[in-house]
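Two complexes come next, and they have one chain in common, subunit A, joined by subunit B in the first and subunit C in the second.
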Partner chain A sequence: MLIKRLKTLAASLIPLLVVLPGAAYPDSQTSLNVFACEPEWAALAKVLGEDKLTIYSATTAMQDPHHIQARPSLIAKARRADLLICSGAELEVGWLPLLLRKASNQKIQPGQKGYFMAADHVEKLDVPLTLDRSLGDVHAEGNPHIHTSPENILRVAKVLSERLLDIDEKNADFYQNNYKLFEQRWRQSIIKWQQQAEVLKDINIITHHTYWSYLNHWANMNVLATLESIAGVSPSSGHLAKVKKKMAKNQVKMIIHVAYVSERPSVWLSEQTGVPVIALPASVDFQNGQSLELWFDGIINQLVTMP
Partner chain B sequence: MAKFYMNSAISLVLSVSVFNALAASEAETGNTDTAGTDTVNEQKIQSLEQRIQDIESANSDKYMTETHAYKRVTNDGFNPAISVILDGLYSSYKNNPEDYNLPGYALGGEAELAPEGFSLGHSEITLSNNIDDKFFGQLTLAIAEHDNETVVELEEAFFETLSLAEGFTLRGGRFYSALGYLNQQHQHAWDFQDAPLVYRGIFGNQYFDDGLRLAYVAETDLFLELGAEMFAGKKYPAGGQHTGAGSWTGFINLGGDIGVSHSWQAGLSYWSADNIEREYGGHDHGGTAEVPVFAGDSKIIGANAVYKWAPDGNARQQNLKLQFEYFKRDDEGGLVLLNSNPLEQSTLNSKQDGYYAQLRWQFVRNWAMGVRYDRVDSNNSGSDQSVLDEAGLTSTGFVPTRTSVMAEWAPSEFSRVRLQYNRDDSYQVADDQVYLQYTFGVGAHGAHAY
Partner chain C sequence: MTIEGLNMEGMDAGILLPAFVAGLVVLLTHIPLGREVIHRGIIFIDLAIAQIAGLGVIIAFQFGGEMHGLEAQGAAICSALLGAWLIHFLEKRASEHLEAMIGICFVLAASASVLLLAHNPHGSEHIKELLVGQILWVDWQQIIPAAIVSAIVVLVWFKFKHKIGKIGFYVLFAIAITTSVQLIGVYLVFSSLIIPALAAAKLEKSKPGMAGLSATGAMIIAAIIGVSGYSLGLIVSALFDLPSGAVIVWSLLISALIIPVLVSKSIKVES
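What follows is the complex of A and B.
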């Protein structure tokens, strides 16, 4: 009796198991599944791979990529990924190792073709001289927010396009061609942005966190102080007072913070000193189809239109 | 390439000098003439920074034509990641915590209350790392005090495959069972200092044993995980000697996102152990030499659901978590009071169930509060009611409940201080319980599990 019932149950479940995965991914045979930890890499993959890739971004520009949990939806996406693209440099240290174990997907384990860490391919800033948690949540490998420099994007694009054609050989020509087009366009854009950013050279700015280090470095802006005296720890009132004192002695153009952090410390400082605040979007609004170029255009515009 | 090395060497030397200059300026801020030295130092720093920039812009090739795979320098290397959890608390009770009991439940495992006054919770040492390209390994030692004796407990020691076959994960060794949501988290990761009543009553706080787990994550858009565990069956609420598997579990978990701000997970689980000898009162301070032992078959079913919300999915400033779990245990067999003379025994047919529901709200960065409600119930019967009475399995219609509130301050990801109050109606004389608890994590970055 029991066996008979089990048999009926199995008979009704088996077709379901066969049909479910197939139904959910009609184009899984033709396109490569890309799991991007941050939207900038999703956007980069998009421009390099276009419709050859099905791209999922684990975070949006409004999320702090450090404070993410290995939640069920991410495990399900990582399970099916052919290629994982992340910033690396310990940015995702809190959730990526766990996610990779949970998803148990051979293709995207460290050392495999499908495991791509962008920060491995550029020169990093803010590499700490000492590793001590009293200095906050320091990243031993250096600042992981490498995408804020347009030149880093170009470097990563080159290696990423090579990786794509390594994984998906049948479309090698496509990726090669696309990279060439992208490189051309991006270099022209860099020249344009450099001209625009000329006015930013040597100006003093205050930043909330070291998020924009690569951008500041690229545009030769001078970061007078950061509001977080310790990385990842909210600005203290004592430190804010110190920053305020420092600002009184120097000419400061603007206070910059990344859009996903609380604007309150920056706004307070602005009210105290009269220096304007700008909130820069942390990354590409990939979910709404924004491109890397548009995002960067926006940032440069925000910076240069500040009086 | 050589250019790059020279470049970085120069920047390194210069940044050291900048660092020194900064340190000097920090040190001097204590002096009376701070303003003057500050400006001088700042000018120094600015001129040094200018020099770095000049050198870099002179040397750097704006477009690198070849790809440089820069060497990864990490702090873990071949050594396992080490993390140490320091956990301690101050407890205050209206009643004597040694008199604690849970009517309808004979307690076992680690189900006692924390001692009055200062005490340590579980101080933990966790070592973990990838073993090779196929396996991950983890060891967790807990150092705890029971009955004035410091004991080292092996909480977890397991390996796990990294990629056995598409979607399959095999775990072996000692580990916390996946039959409950909270059960898989280490105690220091819980949102309240103490275990829910249903965990205290059914699992003796938490269930682990030695065995194997096979889990499968389906290739679907909706998260679907199926798994089964086989255990030696030695640990509470199982017990006794078994050849082969003494207990086993099956579980299914579903989960996903709703838009960008909401996520959820829900699961069902089943646990079964036949021919077990479950010894109660592992840490009972009642002073009785008579130890109740249940011999027979036991089954548990469980259900859990978790929902999380964060504005724009950014949990950093604000987030909310709702959590619910239900368990029901069915015991069928006999009850013996060991060391009684003449030997007292009875048949036992026991049905125990309960749930907790809790909410944790981080309303501003670093600060959170929570509220929890607990309820357990039981229906136990046997051939000799007096034996059940002595074992603590008689509830006489009393339904234990408890309401808890807590507030916590977590200045960073690695530290937390929590104040918790329980209105404990889980035994006949209602108790007021206050806990002040600290939890610090030293070393490797912990995993952000869901």
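What follows is the complex of A and C.
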């Protein structure tokens, strides 16, 4: 009787196993499949390729792109991708090599046309002069958060549009035209943002870590200190004391942190010093249809409306 | 992101099958070892051993070793064995508080890794990799050596259980945990070890002549709970596009709640 019961149980599991290899999914081959590691590149691809592309973003603006949880759809999307767009500069080093290996999609392997690393096409900041292990060689290639400067976006847009027409020749005119339109609009926006950001010039700020290096550099803000002196390691009391001392000596306008990290360290420092905190969204809210322009508008507004 | 409900494209054998097989490999050792762990009442030993293995890798790195490949494996297994020996030693000295001691070993190892990594963020990625391995990233090159190691562990356990003594159990346990943690991560290892074994232990007869399953019967039930937990978890994670490891933890629990009810009915009918 027990054995019989066990057999029925085992039999009821068989359909579950049969489903696994089953279910194939039809490819939509009418458009190019784009796999973006971060939402900013998804948004950029969207503006350059519009409906010629089917775009998937592996992360949202509220996720830390250093870390990602493996979901089945992630691998499925990578398998079908014609073009992979990531920041590069070791930002995705914790998961992208694993994903590429699992996806075993020849088109998006390093060196192929379908492998596009945005950071390869701009000049990087925070490149360590010496590779000292005590600082962690995590950022050996420099700061990977290149999308926080509008100039970088334009540079990447140019190379990306060239890559798109290289992969999808039949729509070459379309991509070329779209890039020209985007370039025009974006240059006008940069002029507008530069005017707005005039008031930010030479102000002292404290940042949680180095996420906004390119933005700070572009707007000529002076980063007096970083709360996390080593990325990913909570600050020691000695370091916090140093930061506080610096803040007491200088006029500091604000403490900036990226919205996806905990606000606690920044808020703590703010309570200690009375300097206000702002949380800037790390990237475009692509999943809800936000554009790069709107995202950047929002950031500049947040910075300049600071009392 | 799937707004339109079920996500069929994740239902791909090429994606789910290696993960499923990795689960089977882990269950192979964890079903018998889990039974033993429950018997001895040392539930948190796997967390402690995994943490100590991770600590070993960090120490190796501090002394200039590479974090990948054989060196890291060697460091992990050596420190896991040392940890096993330590717990074995504690069992002899203070067996009445053993579970508390194991808990202390766990937090000490965890805090020691925080201290060692205080000036070294590079290592933190790797320690995370070691402790929170992700079952979907697993590929056949990792599964095959793990399967061989697990087969040897199980063989030694069943053949020589009574000859290898207590220290033998700890050695096998350290090897099995170090192998499986890197495949599927610490949460899944803990659940695979404890949930099926605990559910099956309730059905096992405590004295000869009483109603209940034999030891083998209990292990078969534990295996069924494990296999159906992994199958269900992988399918749900594919359909709803959720992180697989975390879903499997929950589906193991659901299997552990449902399957014993079905079985205990038939036991009653039988007796």
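One rule holds for everything that comes next: the second predicted complex is superposed on the first by the 272 of 307 C-alpha atoms of A that agree within 3 Å, B and C clash if a C-alpha of one lies under 4 Å from a C-alpha of the other, contacts with A are read in each partner's own complex, and residues count from 1 in each chain.
The rule is short, and it goes like this: a contact is a pair of C-beta atoms (placed from the backbone, for glycine too) under 8 Å apart; a residue touches a chain by one contact, two chains touch by 3 or more.
None of these values were measured; they are calculated from a predicted model.
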| item | value |
| --- | --- |
| Which of subunit B and subunit C A:V122 touches, first, second, both or neither | first |
| Which of subunit B and subunit C A:G94 touches, first, second, both or neither | both |
| Subunit B versus subunit C as contact partner of A:K158, first or second or both or neither | first |
| Touching partner for A:S73 - first (subunit B), second (subunit C), both, neither | both |
| Subunit B versus subunit C as contact partner of A:K102, first or second or both or neither | both |
| Subunit B or subunit C, by number of subunit A residues touched | B |
| Which of subunit B and subunit C A:S291 touches, first, second, both or neither | neither |
| First, second, both or neither for A:Q272, with subunit B first and subunit C second | neither |
| Subunit A positions touched by subunit B in one structure and by subunit C in the second | 17, 20-21, 24-25, 67, 69-73, 75-77, 79-80, 93-95, 98, 101-102, 133, 136-137, 232-233, 287 |
| Touching residues (chain side subunit B, partner subunit A) in the complex | 4, 8, 15-16, 19, 38-39, 42, 46, 49, 53, 57, 62-64, 67-70, 72-75, 130, 133, 136, 160-164, 166-169, 217-225, 253-257, 260, 263-265, 308, 312-317, 365-366, 411-414, 442, 445-450 |
| Sites on subunit A touched by subunit B in the complex | 17, 20-21, 24-25, 59-60, 62-64, 67-73, 75-77, 79-80, 90, 93-95, 97-98, 100-106, 109-111, 120-124, 129, 131, 133, 136-137, 140-141, 151, 154-155, 158-159, 162, 187, 220, 222, 232-234, 246, 249-250, 260-262, 287 |
| Subunit C - residues contacting subunit A, complex | 1-2, 7-17, 20, 117-122, 124-125, 128-129, 134-137, 139, 213, 217, 220-221, 224, 227-228, 231-232, 234-235, 237-238, 241-246, 259, 262-263, 265-267, 269-270 |
| Subunit C-facing residues of subunit A, complex | 1-2, 4-6, 9-10, 13, 16-17, 19-25, 66-67, 69-77, 79-80, 93-95, 98-99, 101-102, 133-134, 136-138, 230-233, 236, 287 |
